[in-house]
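Pasting the structures here.
The same chain A turns up in both complexes below, where it pairs with chain B and then with chain C.
Now for the complex of A and B:
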């Protein structure tokens, strides 16, 4: 037992959390009426693995708790207990309890015993077993086969034992394999030779088995003779060898394992290592790795082809063609390799989606609404980091749809809609982005109330005329919490502005589209990965900047007619009935521009934070994928700049942060930039 | 705590006071020294990418084998008259302790001069210049032969003013 188990502990946690997710999903399946035995089986297997693992790692609290759970599941599996909602509710709860316990243990803390005890009581109530009795058996089970110093076995076969086909000698041999066996024969019952029936057994034995032998192992040997003999098994140290009561096995056996169980429990907390900072890991499908190895092979072939070319004595024109081929191949290999390396970090979005069935189920029940959750596009892949960060905004949006979007069954009936509302989560790829839609068929956004609220809050002037989109967009404004728009079940304290902020921090956008009475659709657009960005290079004087392609609406040549001046200071560009402020990138960044007049340069219309600006630049260069490098590693955050990248010639180009740039241009326009330096 | 770090930076890794080495460079006839253990590399001046809305002494950033490294002009930082960059102009790449992390930064100097062994007792504390000189990042002055070397505290120098680490203050 000198193996260091701690290295497997992290894997145990990961697998346990996965197991819990499976349990949760399957339980919800069960609830929706799918009583497939395989469903119960997979729940049972998940619980069983957690129990086994936690026992191995000395997490006794988890093992004991899971044992109760497992007992219940076992009965369900065997069909001894019907699947009813009354059973599923505490089972679902137990998933949460286990998750909390494991999370606490993983963080090196003791789990809170109160919810564990409460949930356990509920499970035991379902089991119909007295709490105490179950606890005792759990304690015994928690240390299966606790070893003892040895066993004293009194074995008195009934006379007919041999007729059942059992042979004591063989049994003793089996015992001898378990440990040091001393056999004492008791010949008291042996009759006189004349009276001896050759097929009967008159002998009795007292066996002393020394060594680390589990009680179960001993029991197993006598499994077949049970009922055909008087058998007493006692631990060597604790009980007098000659306890006459034949069926007192369990009573006699209990003290020792229980005592043993205490010992590891006491020493466990001391052994527990304090976990270092969380090292996150990722599971990668083997085919992705195989693909990488293939690509690597191709790259090596290309490399050897090129190096052969380089070794040629004379570099003639016939080589040029081959060199070009080789370089083209190298480019393809590199691109494919890059794509595939990126794919390693990609996970199907089902990881983020899978918590929603439970959430919708619980919240729907709480709000008294009937909701059906539909999922599609779960196999759409996105970067692990993006996935982790999109979880909370998604939860918020789904809760929001359920809370404010879907109506109560009565309202729905009155509106002529089916009583059960539908929330549809959909994901798909579009260009270099992933699009996630949250669609409900509820009441839709209340345009008038939002507008009234916005005017009340001073977000909108009373006489401003806003399009429907602009009004819908108001729900994302800071200080415009949805809780104030429509009644809320709980003060969550998170507004839609936070959702938008979080999504924007990932370089994405969120929009809402709503039809009164038909429902609303929230559309989230995210880059597939945070490490690479599709960019448009623009030139201002000698400087080259990268504009994220996702932010660009269009680029155009300036029509002098469309440029209007506002109070002589600011300029706006009239584009299809929209007035867009013109921002001179050179001025904002304090660099020398080449073009003096607007006609000599180009306007790049970009959007961020829901507003548009037209960036005035000297020239558009190429579009390319750039690898994002942080400025903050060695420097600090710079307003209007989201990072840097390295261009093909090795020089550094800065990546524009459009949202920051809009803010920067506004503060500039108000002339207060000096005061905001801090 | 910080004072201790500075001491150890000057006295070398294991407090072996007699073997302190400083790399010196010149700025307008003045000779400055930095702890040689902080020097990562010395490279020739190459073009930089300017960072908007930063003081002029922050020349910009360069690509140092894939990492983005800011470059600070020491003449401008000390308010000395600027000098046109020439073939001798070099960038000294330094490792700077900023709070809990290490940052890589480059400083532009006129030329690299020499490496001296400067035991701790030869470094005299800088006199009080009475506000005329930002003296808080000067560790001390040391006489070498008939010259004077101004020994700089790299951490204080490159964490002052605009270069300070902002992220620890939150957003």
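Now for the complex of A and C:
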């Protein structure tokens, strides 16, 4: 039977990447002084599984490399080797090497041999045995058997042999396949029936095996019962020369990885893996699926209830009552089903967080800073797509905190702070959003230098007065290079403006809050999913727009006295001592509004990234969840619009892009500078 | 054909073993570690158990010892999956009551050839 092993490769890759993550985490645990045997054991287990799997599935280069790694880990596990930083560093490196190898192989490419060889050398240097440490052990069993005309085998099992699951009859059958077998039983030890223990073996045998059979083949038959029997194997007579059989079977019993690589013909079916289809998969906890099935059941019940109603001959008032009940139930079912279907795509954010211990560890060491990373809220769930896209911005922000936020131990000591700085990653749900905080207890943003830089770059006029918040927000402005402002770390291509752009692309926001000497907190707010939005429908003339609920602060009727006109046409609304620019949606989108005067309509005050605007609309309609359809892919990008949706009555409504509208209101107000006029 | 309990914490190995055995017409029950295997073994009979050694929660050696203490598994062939690098585990496994072993890496044909040694 020939089985295509490549079908198991995807599973192998997935579990191997998980294993590598475990290795990485546990290695970091080891480094922080946790020498618990289970820690080392789970590192060993991960490496061991990767080695076993890669050998089995024909990824020889991985198997070979992992063998060295495993040998070292085995010594650590047995306590033969002390756990020191000198060992952990190459081990951590090996995690990266393996990850790269597996990533390349998964993509159907050959791994780059240079880093593999380099890392292998380091591991071997630690092992103190450069070059194939296993050659000696593998050689022992490989002594070629003396040629023989056959074998005489005296086999006397110990009484307990049967209780090891071995069965002499099956062993004889195996011997008979090798050659001509003669079996002679020896019943001397057989007791009287009264004394016979039925589970014990009392028989012995003398076997004569004739034929051109290699000694190893015979040994292999008795391999499992060594120690459970008395066994003597003697050649029948010294017989003709040379057995031609370099036994194919025994090769399987002694595969040193080195030998395997030289003679890959030994494992025939485990050949080159076929390129895996570009399939991304997701692991779903079984309880989520059960919940769905449960919900489906309820939906079926509701459906049958409604269909019964539909079959009624006459439709009376009592039917209406039941119809309403049924519809209410249907609504609940649909909502629950929707929530649970969404949950399938949800993964705990620990998937995004788990790369940070390593990152902070490595970068801290590089920058000469002592940093402790604290994680909380790792179980907070987030849509898989959002998770994948938030990874890079998060890395950037954490690097930024380490780089610019946390001070050197000397500086911290001088400031009267503990030498070890803290970076705290936290995640939680708030409303329909997930909030991710990156908090450090470093020096905080340098207000004056940011302002000076912004003026220098022409982002801010020389005599503009900005609040601290607004100044802090400048670090996200395009063209504001942070690298020169606070410290110099080379090789960082992107700025904070890219971070904000990426987060905005996910429909999220990022803000910074900073206290001099106390540290900074970056707060990212993201929708839980990219597919559905909680929205407030508003009407402007005949058009309906959806305002994301998250952005709305309040809606109010206009008090004409509170409306101030600033230079020209720009209007601001004075709300509790705050001046908020008014944006006429009808003007922005070129539609005909119903309300001519402000007091005939309503203002919806919305906020995005620290700025507020008041949207002037004709009417507020209902709140509802809407399914987001991309306008860009179906039509084209429209300023101030983030997407479209289809309403219950089949009409299309556009979803407002609040941060985009705020940007638009700024450009419209240029010259008058209405935003900051007050 | 035979009913076989296949125990391995690695999903890919487990799938491979199960797929191979099913392809040869056997019934296969899969378990992810010693504890899982023991739960699935209790009150049932198997013609063969194939278990990995190094597993979380309960390793293969302990599993073999526990299985052997169950009357239904007194004579059942139990094979362990080992690697050359953990050769000492063979002896440990034997003392715990293992029938024999299959050395990793192995391919499906080798697996089938080996279990033929212990299936009646």
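Assume the second predicted complex is superposed on the first by the 496 of 678 C-alpha atoms of A that agree within 3 Å, B and C clash if a C-alpha of one lies under 4 Å from a C-alpha of the other, contacts with A are read in each partner's own complex, and residues count from 1 in each chain.
Simple rule for what comes next: contacts are C-beta pairs under 8 Å (C-beta built on N, C-alpha and C of every residue); 3 or more make two chains touch, one makes a residue touch a chain.
Computed from a predicted structure; not experimentally measured.
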Which of chain B and chain C A:533 touches, first, second, both or neither: neither
Partner chain in contact with A:654 - chain B first, chain C second, else both or neither: first
First (chain B), second (chain C), both or neither touched by A:69: neither
Which superposed partner A:634 touches (first chain B, second chain C, both, neither): first
Chain B versus chain C as contact partner of A:201, first or second or both or neither: neither
Residues of chain A touched, compared between chain B and chain C (which is higher): C
Touched partner set for A:102, first chain B, second chain C, both or neither: neither
Partner chain in contact with A:644 - chain B first, chain C second, else both or neither: first
Partner chain(s) touched by A:590 [first = chain B, second = chain C, both, neither]: first
Residues of chain A that lie at the interface with chain B and also at the interface with chain C: none
Contact set on chain A toward chain C in their complex: 1-3, 5, 7-9, 11-12, 14-15, 42, 44-45, 48-49, 51-57, 63, 67, 70-71, 74, 134, 137-138, 162-167, 170-171, 174, 199, 223-224, 227-228, 249, 252-256, 260, 267-270
Contact set on chain A toward chain B in their complex: 543, 588-591, 629-641, 644, 646, 650-654
Touching residues (chain side chain C, partner chain A) in the complex: 9-13, 15-16, 19-20, 23-24, 54-56, 68, 74-78, 81, 83-87, 91, 94, 97-101, 103-110, 112-113, 117-118, 120
Of all residues in chain B, those that touch chain A in their complex: 47-54, 60-63, 66-70, 103-105, 163-167
